[in-house]
Each structure stands twice: as structure tokens, then as C-alpha cells.
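Paired with subunit B in one complex and with subunit C in the other, subunit A is shared by the two complexes that follow.
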Partner chain A sequence: AGFCNEKIPPSFLRNIVSTVNLACKLDLKNIALHARNAEYNPKRFAAVIMRIREPRTTALIFSSGKMVCTGAKSEEQSRLAARKYARVVQKLGFPAKFLDFKIQNMVGSCDVRFPIRLEGLVLTHQHYEPELFPGLVYRMVKPRIVLLIFVSGKVVLTGKWCLSLPAAHCYLIF
Partner chain B sequence: ILDVLPRVTCPNHPDSILVEDYRAGDMICSECGLVVGDRVIDVGSEWRTFSNDKATKDPSRVGDTQNPLLSDGDLSTMIGKGTGAASFDEFGNSKYQNRRTMSSSDRAMMNAFKEITNMADRINLPRNIVDRTNNLFKQVYEQKSLKGRSNDAIASACLYIACRQEGVPRTFKEICAVSRISKKEIGRCFKLILKALETSVDLITTGDFMSRFCSNLGLPKQVQMAATHIARKAVELDLVPGRSPISVAAAAIYMASQASSEKRTQKEIGDIAGVADVTIRQSYRLIYPRAPDLFPADFKFDTPVDKLPQL
Partner chain C sequence: MPGGRVCGACGCAEIEVDAARGDAVCTGCGSVLEDNIIVSEVQFVENSGGGSSAVGQFVSLDGAGKTPTLGGGFHANLGKESRAKTLQNGKRQIHHLGNQLQLNQHCLDTAFNFFKMAVSKHLTRGRKRSHIIAACLYLVCRTEGTPHMLLDLSDLLQVNVYVLGKTFLVLARELCINAPAIDPCLYIPRFAHMLEFGDKNHEVSMTALRLLQRMKRDWMHTGRRPSGLCGAALLVAARMHDFRRTVKEVIRVVKVCESTLRKRLTEFQDTPTSQLTIDEFMKIDLEEECDPPSFTAGQKKLKIQQLEKALSKKLEDFEGEISSYQDEIESELENSRPKAKGVFANFTKDDSIDDNASSILGEEEADEELEAAANHLNKDFYDELNEKDRVKRNEDGECRNGNETLVRPPALESLLGPLPTAASLGITESIKECISTKDQEPGENTGDGELDLSGIDDSEIDRYILNEAEAQIKAELWMKENADYLKEQKEKEARIAKEKELGIYKEHKPKKSAKKREPIQASTAGEAIEKMLEQKKISSKINYNVLRDLNSKGSNTPKKEDDSTDDSTNTKKLSRRKSIASRNIANPVNSVGKRLRPLISTQFAKKAATEEVTFPNAQAEASDVEKPAAVLVESGPVAYNPDEEVEEEEVEEDEDHCMSALQLLGGNDYGCDMDEDDGY
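Our next item is the complex of A and B:
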């Protein structure tokens, strides 16, 4: 644990989920028919599933005008992608606006590069059930994030956080 | 914890044993003779029943044993079938139909207790674990935070927790074997219950399962002790990072049994422990290189360490 105090391992964002309100009622059938890369199966799910290639993302567009954008790798990309989807909807003739863009969840992964003894880590906030899942589930309270800590040293973080926070946490557990 | 009725004690001698005087229903202190309980109702059974009695008529006029801890206010009085002429009304139907349902408010809970007792019976769990399970179930049920979940799932999860708390954990697969609920659902309910009751459980260790698995396989005590030692050493030396303790225990049993005269195949061990034989193989490969260090010092080898099978 000595040397890792100097170098906090970098964490990489893998996925960002955000929501935005387009503020107008949408006709999903219309959108599904006219837009490329859109799928709509009302019996299965009540939203149009649209994908764009540029920031590789997927959006769920609901008839109320609300939209969920997933798959982006950074906050800026997520916002850009959401704007692109709004643009597509706008081009189809709906008066789409871009209200309340909010990031709901961010998933990142990190590698501390040394094996971790999970039995030693178990304190109060953790759940470690080797029979159920090989990773320890650590629910940190201060920044509300959940970390999945594995024996190999890989850590998956999910929740609403910014890049400096997991560094603080890593310092805490070591 | 399982104190049911309010305990009366003599005010002068709180520790002395109280003697019951049946004639007047008194509880008398054995030290000073003070009568502490007056006209205490005797809740024992009225008749003793023996198995050789022909079960024609049960002369008992009292209900089941009282269980106020778990089903509050349990007065299980039922109305029996009428005998004289007065119990039948005009049409020949009996007045006072049937037996009224008792304690309808906790019918589901009593059902669950029955289910718990059945499950525990199948794996021969002692009464204290069953009582603890019942208590846990009652707490969860009263809290109502898991009301949507199937009662059987909650009961199975409570059974799992109770076994853990008593220091004799059962694997999820063992609980699955006596319950109709899937392992996934039991695991989910387990986590929810821990959160709801704000308790936690200790981590499982390899040693908890050794005695059960080894006796199921018919292995002698030395092999069991050797396997326990191997598994403990393997975990201490961190030879098996990330492996479930059950898999490590199974691999240790395999190694110990292969080194002794009572050999068991991977399949047999896998059957008892509920792990796949490839899993045993994987864990065994991890502990095989350090085999000489893992065995206890005084172990008598039937097959020497270098002749242990290599998979």
C-alpha cells in the first residue's frame, strides 16, 4: 500500500446516462417511420429506440417528449449526443427544445493494479457474498456511489460523481 | 431472547426457584415461602397422549401450545361438531358451522412458520435455528418493507440468515434444495432482509462446511482435519484469490481424500458440496503446486504428495 499513495490510478468513464426534456408531445410512429436507425415496438416498450454513430449512443424517446440518452463516454459527449437527437426530432417537424439536460448516472472503471484481499475490507457499508457475486459491493455515502471491488484490483464505480472523487476514496481504503 | 411469559420472581430472593403449587395455582418462593404468583393459570396440557392409545377420541379440551411470541394473541379454540339435539337447527344443519378461522390476521405468518418447519426438517436443522428463523420472519413481516416478495422466498432467506447467525451456515444451494425458490430470488431477499433489519452477517469460512461435507462423504476424522488445515492454509497464503470458500473447501477435501486411503472422486465431492467438478478442478490446480506445505505436519499419507493426481 506504500507506493500507491503517490499515484492514484486514473479512472475511465465507460458509460453515462442522461435525461433531457424536449418539451413537446411526440408522435412515436411518425418518428419511427421517418427516422433512420430507429426501432419502435409498442407492444414491448413504449418508446422509440434511436441510435447514432457519432458519439456512439442510444436514446429512448418517449411520447411525452422526455428522452434518455445512454452510452456516451464523457459528459460533453453525452450532451452533444442528446443535442443531436433533439436535432433529429426537430427536423422531423416537432418543436423540440432542450430543457433540463441532467446526467443521471456515470459508470467508470479503474484498476489499482494490485490484488485486493476482500475479506480484510469488509466493514459496515459493504456486502460481500462470495457465493452470490465475486465482487464486494461498497456503497459510499459521501459521494453517493457504489463501487464493485474485485480481487484482481479492478474497481467499477457507478453513480453521480466527478473525476476527482474516486481518488479520494482510493486513498481512504488504503 | 426467547422469553415468553413475564417471569415472576420473589422480591426478596430474585434468584431462587419458584415452586408451583397446583392446588391453588400459586408460585411459591423456595427460600422464604412467599407466594409470588396467585391463581396463576396452568397452561400445560390436560391429558398426556401416548402413541399406543387407539386414536379414537382425543379427550383434550384445550387448544394447541400457546405461542404468543410469534402469533400474538393465539387462542386457538375451535368449535367442535355438535353431539346433542340442541346443536342442530330446523333443517338438520348444524348450528355454529364448522370451526371458525382463528387468528385470520396472521394466517400467512402461521403458514410461513409451517413452511419453515418443513424446510428445516428436510435438512435436519435443530429447534434453535427454527426458532431464530421464526423470529426473523416475524420481524420482517411486521416491518412490511418486503411485503411484495413471496413469503416462501422470505422464509428461505430467513432460514439462511438464521443458520449463518448460529455459526453453522448452509450454502445457498443447500437452502435451494429444500425450497421451491430460485437461488437468485433467495439471494435478493437475503440482501433486502439484511438491509431491512439493519443487521449484518459474518463472512463464511471454509471450516464451517468441513464437518458436514466430510461426514456426508463418509470420510474419517483425520481426513476432515487435514482438509480443514489445507483449506485454511490455502486461504492464508492467498493461493485462491476470488474463489468462493465452498469451492476451496471442496478442492481441499479432494486433495485430502486423494492423499489418504479414502479416495473420493471430484464428481462425488461436487455432488455433496453443490459445486461443479470443473470448479473443483480449477481450485485444485491453484492449490496443487503448494501441496506439501498445505498438509498438516502429522498427516499419514496413503498416497504420497508427489503422487497426487494432477489435473
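Our next item is the complex of A and C:
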């Protein structure tokens, strides 16, 4: 199935999940009761859910001092958001630090602008089950990412990768 | 000792080995060197019919890998059989399911092979066997190309199809089998048969196939459920051949939703092929191909978005023009109207302020933040308009109709002034912070050294923290919401504290029992047993009164322990619990060489309290009554509800019968897997 080779468009990061260690035990009740944007429902989940508006993100803060930050649209923003949360925790009176900031997962989407014939894509690492899911699931091994390829030409990538990779992979596939 | 080489007695090297009898004899001196050596011969046994059969077992290839232990290691033996059993069960289930699907023997055998592979790769662990079997069967269906859908399997098993799909995907991935994609054409004969076209079955099928191929070329089938496409094709084909098949009938056969079917039909309608007549369709094949519907939908959306953007831009331009026209009209009107005179001027001014106030309250829903921002930028402009507006309000306000922008300014004005509502309060705060000079940079890093504060506006962070009053309110609300949970937590903590003091506390990890225990250090056997009972679980079937009296020395200790626990505990609950436990501790089992493994049930330990006072009495009673009995163990279980009667019950039942402790406890306990450090 030959298609026109237009230039591959850049991917747009939709979501980044990162973790950081604040390196001190936290009193979740204290945090929940003194922060404006925190919810804490110990029966349901053992962490405080805090949100900030500036890079629009959500963080899960655990009593061990570890924190998960989700929702940022770029690595820099994720780092900034995580630092903001750490600052809030600091201001609430805990000696929070900022150790081991690590990005765990990035979700991006891009559009190749031409329809893709999924049945024709016979590669080794993919699964295409139209009965279950309309997209083809391609699990690339080298950078460990998973691509969801749809017939309309849209591609969703998820995993740990950096921005330069997707273009290379699009060429690889097509 | 070299059995077959050299005789030990005479040194002769001629050894005769008789395989049948299993001995090795020296031909020189006649001494028997080996007896009962392992023979390998076939033995025959007569069975009931009179025939004879060979003695032996078939050993599977899989099991041969494990070292044969000759019946010594019980576990190894069980393991081998277990694997064979698993495979047998699997085979049975595969055949059962496969027959319902009418698969032939070859498919079933292949499925069984898949199953064996799955078992050897440990894929069956943690998954329901029925799911694995269904996945194996479906894999076979896919590789063979039979018209079976995953939906059929899920119907048979009454399992969610996506769950089955997940298992199937895992299986396919692990076995590295790339099942070829489903071709909807495979399903046509099956569905056509179900729709009962009679004689014309073949023709309808061919038409439907042709339709499907057309759909494929029009990119309608990528990413869609094949059954939906089949349904649409069959429906159209049936109509083409003058068969009345309603949508409902087709749906029942094809198992998709009505809306899906309609959607497919609509999509097909959009293709140019739908414009052909029946005859034309059968003969002609249009060259052009369409894009997949999702692609075209995406393009449409993009176009609409772009259009909207362009429109909004144009709107803004127009609005600008309109407002400029409005201003001109305003100024004209002003000049032409007579001004209010003297006293009335003051009145009108007051009125206008009231009007403004009422208009604010009416317009609270309006975007206050937007207004604040707009105000910030256009303050002067609006002030001007304000003057004009106030005067204008004296009249009927004919110009109000199109002047939405002018209606806003008065509200804005008063926003900055007195603040009527809490909502505007919050906003003013943020506005002030935006406008006012920034706070000094914090500088101090509170000793962490690793949190880089650059780029973080401290004032913004402060906004995320509640002040005292707000924190209190939130605390109240939160406490109310989570009252139950807090209560539970307190009880749990109190219980743990009590248990910790008496050293009974175990870390209750979910699904993991604390296996590592310190070795028990005790001076006498009795003490050792006490400590052991302390550590291990106590069964509810033991009468502890009796146990206590087996060793008369032990009866003194419970009282002491009671006192100590009484002092330390506050609640009766806990003390009762502890005294039960201490009673148990104090009852060493008479060593008749039997191994006692009392199991402490946690429920037993958690009984609610009764009066402590009765305790010493009950104990004294019990000990008096039971001293004469040798090994009396209670026959029935200890009651779980901890009333005072419990103790009396225990006392009464003691005298009933005499059963061995082992019998009561041990029927199921003895010989099971247990820790080695338990031997007494």
C-alpha cells in the first residue's frame, strides 16, 4: 500500500507521568486540611490528591514522601509542576526535598495525514484485533514504547521516549 | 563394592548375574555377591477377564525431567501427577467446548497443543482455566480460518468478551503466534445460512461477498468489527434479491448493535458505489477508492475548526466596527439630548448608582474574571463610557439592545469598589496580587538544598495554602466525612498497642503470614510450651481450663499475668482478651509424646470483654472441678460470643467425655505442612 511521503508532522505530547521523592515522612491529614486544592479520602485511597492550575497538573502525594505528578504537557512543565508541589509541601511545614525526579511515561499523539491500511502492516511485534480494538497495537522494543495506529492516520505513542524518536519510527514503519 | 567384577572371597572374576532373580553369584566359590539388584524385566498380571496385562506405568515426557524420588519425596510425586491432571482436565474442557462449537478433531488437537505450551510457560497461573481454554480454541479458529468469533466463545462461557480478548492477546504474544487478521468474507456463509435464504442462499452470499469486497476497497473495513460489515452487506444483498430481512433479524444473527448497522449502511451510502443500480453494481467496478470514514470525519473536523477560527476573527473585526459605530451614535445622541437640571441631576446620579448595584447582582453570572482582566486593560475607556452610560440610563435605554459591551462597564466599576459577594472577594485578592509588587524572593531554602525554587512564584504557592479560618472549616468538614474511618483507625491502633505490649503483635501483612519467628528460649518444657502457644494460633476447639490444669505449676501463673495485664490495660475488652490469652499460655499440654498444634484463631482473641472479676472465680472453679480429670479436653467448640456463660459452659462440658487431644485437634492438623521449629 504505497502512500505519499509527506513530511512527518511533530508529535504533540499529551500527558507526562513523573515521580519524585520528597525524602521525608508526611502527615497526609495535615496536608489535606491545610491545602486549598487537596483531597484526601483515606478509605478509598491512601494518598492526597493535589492539583495546581499553572501547569495544569495533578499530584498524588503519599505518606512515605513519594509523589506522582501527572498531566503536564512537556518534560520541563512536569518538572516545574513537581517543584511547585514540593514547595507547597515545604510551606506546610515539612522538610521536603526534591530527589530522583524521573519521568515514567509520556503519551503523545501525532497525525500522519494519510490513511493507513492496518491489515497490510504485517510486522513482528504488533497485534491487530478489529473485534477488540479498532487500532493496531505495535509494541516497539528498542525504545520501549507502544504505538496505537489507527486507520485515519492518527498515531498515539506511549512509553518513555524523547521527542526526536517518533519521527524515526514513523519512517521505520512506513 | 564391585558387584560384577571381582569376587571378594576368592578373587575370581567370573561373576554370573541373573537378571530375573536379581542376584550376582560368583561361579568360583558360590558366594552371593549381590542380592535383589534392580531388575528390568516385564511382569505380567492376570486381570479379571482372564487375560494378562503387563505391569507398569506410562511416564510422560514432561515428568521425566524431575528427579524421581522413589516415593520418598511426597511433593515430587504430587507434582508429577498434578501436571498430568492439569493437562487431562484441560483436554476434557477443550473437547467439551470444541464440540459445542463443532470444531473438528484436528482443531481440538491443535488447541490442546497450545494449551500444553501455555501450561509449560506458566501462563495458566493466575488466570481462570476456562479463559485460557477459550483463548486456545480461538487461536485455533484464527489459524485455521474457521468462522468462529470471539463473541461466540464469550457467549458460551458467559464471560466479557474483552476479558477473553486480553487473555487471547497474552497467549498469542507468549506463544509468538501471529494470527492472521480476520477476513469478514469468512463469516458470510455462516450468517447467510442462519438467515435462511433457502435456494437463493448461494446467490445472496455471492452478492454479499461482492459488496464486502467493494467495502474493503472503500476502506470501510479497517478497524471495524467484521461482523458489523457482514451484517450490512447481507442486509443489502437480501434486499437486492427481494428478501425481506429486517434490521432486527440481521442483528440477532450477526450480534452487533442496531446503531452500528445503520452507521455502516450510512457509510456505504456515502460511497459512490451506492449510486449504482443493482445490475450496474454486479457488472461494473468503479475505479476510485474512498478514504476510510474516520479519516474523512477527521478532515471534516479540521475544516470546521479552521472555519470557526476564521469566523471568530471576522466577528472580532465586525465587533470592533460596531462598537466604533456605537460610540459615534452615543456621542451624537448626547449632544442632541437635553441634560438633567439641578436637583434632579443629583437624583439621577443616585438612581444610576442603585441601578448599577442591581445590575451587578443580576450579572454575577457574567464572566467576572474576564471582566477583571478587561477592566484592567481598558479602565480609562470604560470610565468614559460610564459617564455617558449613567446619563443614558436616565432615559429609557433605547440603545441597550445591541450594547452588551456597554452594559458591562458599570458592573466592573463597582467590582473594584465595595465587594458585595464572596466570589468577587476571591478574585480581587488575586487581582491585587497580580497588580501589586511581587513579594521578596524567599531566598531561604529551609535547609533542603535540593529543591530549586527558580521559576516558582511564592505568592502563587501561598494561594494554595488555606489560612486559619478556612483550615478549620475544612477540618470540620473532613472530620465529618471521614468519621467512620477515623474511628476504625483508632481502634486498630489501640489494639496494636495492646498486642505489642504483650508481645503477641504480628505484622498483619495481607496474604502473608509471619513465618520467621525467634527461636523459643525456655528453661523448662512447660515454659517452652507456654511460649509456643503464645506465638502460635490457638484453636477454638481446645478447652484451656483443662490444659491449664494438666500441669499444676501452670495454674499459678495466670493470676500473675492477669494482674499485670489489668494494670496496663484500660479497656475491659483488651484485658479480657489478654487474660484469655494468658490462660492459654498457662496451660501446658501434658506431654504424652503427642504433638499439640493449637491454632489461635484471631477471632477468638478478639472477643469482647466480660467482667474481669469473674475471672479469678471462674478459674478457681475450673481448676477445682478439673483437677481429678486426667486429660480432659472439651468436646465442643468454645463459644465465640464472650459472655460470662462461656466460662461456665466450658466448665460443664469438661466432664462429658474424654477424647484425646490429638483426635480433636489433630485429625486434620497432623502431618500437614507446618513449620519445622514446632517439634516438641
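Note that the second predicted complex is superposed on the first by the 168 of 174 C-alpha atoms of A that agree within 3 Å, B and C clash if a C-alpha of one lies under 4 Å from a C-alpha of the other, contacts with A are read in each partner's own complex, and residues count from 1 in each chain.
As a working rule, a contact is a pair of C-beta atoms (placed from the backbone, for glycine too) under 8 Å apart; a residue touches a chain by one contact, two chains touch by 3 or more.
The model shown is predicted, which means the values in this text are computed figures rather than measured ones.
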Subunit B and subunit C placed together on subunit A: clash or fit? clash
Pick one for A:Lys91: touches subunit B only (first), subunit C only (second), both, or neither. second
Subunit B versus subunit C as contact partner of A:Pro134, first or second or both or neither: both
Open item on the list: Is A:Ala35 touching anything from subunit B or subunit C once the two structures are fitted on A? First, second, both or neither.
Closed with: second
Per residue count on subunit A, the busier partner among subunit B and subunit C is C
A:Asp27 in the overlay: touching subunit B, subunit C, both, or neither? Say first, second, both or neither. neither
Subunit C stretch colliding with subunit B in the overlay (listed: 3-11, 219-227 or 345-353) is 219-227
After superposition on chain A, the subunit A residues reached by both subunit B and subunit C are 115, 117, 119, 122, 124, 127-132, 134, 150-152
Residue set of subunit B touching subunit A in the complex reads 171-172, 187, 190-191, 194, 200, 203-204, 238, 241-246
In the complex, subunit A touches subunit B at residues 115, 117, 119, 122, 124, 127-132, 134, 150-152
Residue positions on subunit A within touch of subunit C in the complex are 29, 32-37, 40-43, 52, 54, 80, 83-84, 86-88, 90-92, 95-99, 111, 115-119, 122, 124, 127-132, 134-135, 150-154
In the complex, the residues of subunit C that touch subunit A are 149-151, 161-162, 165, 168-169, 172-173, 178, 181-182, 219, 221-227, 291-292, 294-295, 297-298, 446-453, 455-456, 458, 460-466, 470-471, 474-475, 478, 481-482, 484-485, 489
